[in-house]
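To keep things simple, chains are lettered A, B and C as they appear, and every chain counts its residues starting from 1.
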Amino acid sequence: MRPDDANVAGNVHGGTVLKMIEEAGAIISTRHCNSGTGEPCVAALARVERTDFLSPMCIGEVANVSAEITYTSKHSVEVQVNVMSENILTGAKKVTNKATLWYVPLSLKNVNKVVEVPPIQYARKEQEDEGRKRYEEQKLDRLETKQRNGDVIMPVINPEPHTVGYSQSSLIHLVGPSDCTLLGFVHGGVTMKLMDEVAGIVAARHCKTNIVTASVDAINFHEKIKKGSVITISGRMTFTSNKSMEIEVFVDADPFVDEPQERYRAVSAFFTYVSLSKEGKTLPVPQLLVLGSAAPQPASMDRGAP
Amino acid sequence: MRPDDANVAGNVHGGTVLKMIEEAGAIISTRHCNSGTGEPCVAALARVERTDFLSPMCIGEVANVSAEITYTSKHSVEVQVNVMSENILTGAKKVTNKATLWYVPLSLKNVNKVVEVPPIQYARKEQEDEGRKRYEEQKLDRLETKQRNGDVIMPVINPEPHTVGYSQSSLIHLVGPSDCTLLGFVHGGVTMKLMDEVAGIVAARHCKTNIVTASVDAINFHEKIKKGSVITISGRMTFTSNKSMEIEVFVDADPFVDEPQERYRAVSAFFTYVSLSKEGKTLPVPQLLVLGSAAPQPASMDRGAP
Amino acid sequence: MRPDDANVAGNVHGGTVLKMIEEAGAIISTRHCNSGTGEPCVAALARVERTDFLSPMCIGEVANVSAEITYTSKHSVEVQVNVMSENILTGAKKVTNKATLWYVPLSLKNVNKVVEVPPIQYARKEQEDEGRKRYEEQKLDRLETKQRNGDVIMPVINPEPHTVGYSQSSLIHLVGPSDCTLLGFVHGGVTMKLMDEVAGIVAARHCKTNIVTASVDAINFHEKIKKGSVITISGRMTFTSNKSMEIEVFVDADPFVDEPQERYRAVSAFFTYVSLSKEGKTLPVPQLLVLGSAAPQPASMDRGAP
């Protein structure tokens, strides 16, 4: 971990960790999906399950990322990724993150065609059954999320401190070649890193302290984003508890100039941040000021218990 | 702003700011030029007007870059870009930069063809007239600059301290994929960042203190630079006052190996730097030692009042 | 491997591979040197043995880098690093590189103090003896190289094609935070990547074709380079055979502005490049034109058979 991977207080950005996780997931699932006799393909990230940041990583530590395929359906792969931080001076190791990702293999010849996934062998029958259950659940959740996706973030003139409008932020990025896979669309990890960056700015603007990513709710990748697109990543505070803040982040893509397609919602997710003192202790979060009845609903209400 | 965006004293490099400005300008002008019914195109930077760095930006601050189209001629677009630095911990905001950029839309099918720009609507008639005047002025200045452009920086053997030869520096860069637009030529912002890097090294070698960019004179982009080219960016001190240094910077391009074209001058500009103490106060600059009559002329003499 | 890691023909730069090798070496040797009861330290690269690039790596392939400690003396560690490229679409794997690196552990409290290395266990007695022999040899070679190190590359006015002066090149780099270890000096891998970049530009200028790194001769790191330094990396053609080119590369460091130290030679090495056709076949190399008696000696003559 290098200085550029971390914030001013030396804590590695959640987005840097998410990017590494996705890189490991993309490698293992692309390798698996090409291990059969089917046509060549590249695995595209479809969804990341809710994940917690269990302990912070610091500049100078070494990240150990390991990945394993835990379930395959006909057209998708579930990957479990574990991240450990290692202080190579003291030898101390800590689990920083466990994440579950879903990938879909797209044909190298036709980017719109999903190819078949070679099945894996399960050590025990229950593993397959449990995997199938997780598969059904995520499928349902993805469908629901897509329907909620019409929302946009409008600028607010002269917002009061601690209102939604006060901290909402957005960032525009032009998708370059090194952001992309061999098929010419953006790596999921690149998108997640930018999303975490926006969420971090929203959180810091709201509470004006050192902040770190505590968890990320399920992230659904609805649509691919092609090289040359301009993406707008927008974030706003949706809920505060005494100890944490929930920030909703959208990614909207404007396709490159010679494509007929209109702007579309590509990804959306909820990030949870905590505020830290200089000594690394959790600080209370200023409450979100809700004006009138137009207040956004906390994500946790929308979807039952988090 | 990350550690790598800044010098050792924590001040963000002028080149990093110029690169962001150009990115915003390229996005808004490409978007505008594709809003009509004309053929798909990408906006290429033709010129940046003289711009001042009003206050320094620091690591950890958030840069807010906003861009607006202020004039369109048949084949060019004027963009006004404002940069604010925001300390998200204190909420303090400062204007750091205002810049005016000119773009020319190039056809996606034929990179040598300039396409027509859809006109914008002006709120008041005077805006259009003032814009036209700025357009004529920059056109004239670009023409003049091109004629002055034969100069090269020759190496000096064993130069004395504070002479031109002592601090002159050059840098070679191999143009990679991420430096380029979808049309395969270098983003203007990438070139400006490298130019600022060379100018900063010249200034630091001359005065051996912490230095920061104070302003950049008009930058003209005479020729496109293609992916795979090797570019040589050369800088030399041309003038010192008590409080500042003026450095001339050239960009020369050697086309990729299998192209018939010879080395050509692609860009040239003058950068002004100031020297700072550790506490951030302006220091006096050692005077430039001029040997004989071969001394370069200060740019301000060449062109009347700066 | 991403587009930015490769040249226009899609071959990954030798420098990118060297940087990964060094990263692996630095992690394993820092971890080992802190495994005993001694004081905390960071391993600094002292030397890389001659290494061949056995087969090219391409964009989209996954690099597998593995490292092992093969010998320890009282104050140094020998690390063997192997690099394999894996095409995750076809499953094909190839050994691309085997390298031997020597590290020296520097105290975290006092960067000028070399700490003691915990001994490793050898499976067989001969391994230790062979390691000791390699240790003595590299020690001798390092000493010799240091003495040859006064040379500088002087600029040539109007050089003829295929002379040394025609293709010689140099590159300036300002050392930023992300280039550095926890002790605040440059990672060896960052330096090697820049050296390969300069050597590649010299080779391309000489033969004006697609070129790739074939091998790197022993690289000795004589002195540390601190954060904030400006480094000048210079390269010149020293020898051509029918099929390859040998390029000498120097790294000179100018310490940060407020340090009393003068410019010093930090690293030097010889790189060998081959020229490739578009189909990837080796092309004959234009012979180096030697003017008068001041011609540089081929490195292979200086030091016996290559």
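Quick note on the criterion: a residue touches a chain if its C-beta (ideal position, glycine included) is under 8 Å from a C-beta of that chain, and two chains touch if they have at least 3 such contacts.
By chain, UniProt protein names: A, B, C = palmitoyl-CoA hydrolase.
Source: prediction; values computed, not measured.
Trainee: So with touch defined the way it is at the top, what topology do the chains form here? Options are line, ring, star, complete, other.
Mentor: complete
Trainee: Do chain A and chain B face each other with the same patch, meaning over half of the contact numbers show up on both, or with different patches?
Mentor: Under half shared, hence different.
Trainee: Taking each chain's centre as the mean position of its Cα atoms, how many Å separate chain A from chain B?
Mentor: Chain A and chain B have C-alpha centres separated by 36 Å.
Trainee: Suppose each chain is reduced to the average of its Cα coordinates; what separation in Å results between chain B and chain C?
Mentor: Here the centre of chain C sits 34 Å away from the centre of chain B.
Trainee: For chain C, jot down the residues that touch at least 2 other chains.
Mentor: Expected reply: 3-4, 177-178.
Trainee: Per the contact definition, I'd like the list of chain A residues that touch chain C in the complex.
Mentor: Residues in contact with chain C: 2-4, 27, 30-31, 34-35, 40-42, 59-60, 62, 86, 88-91, 108, 177-178, 182.
Trainee: Flag every residue of chain B that touches chain C in the complex, lowest number first.
Mentor: Those in contact with chain C are residues 3-4, 7-8, 154-155, 157, 169-174, 176-178, 197-198, 200-201, 204-205, 208-210, 227-228, 230, 254, 256-258.
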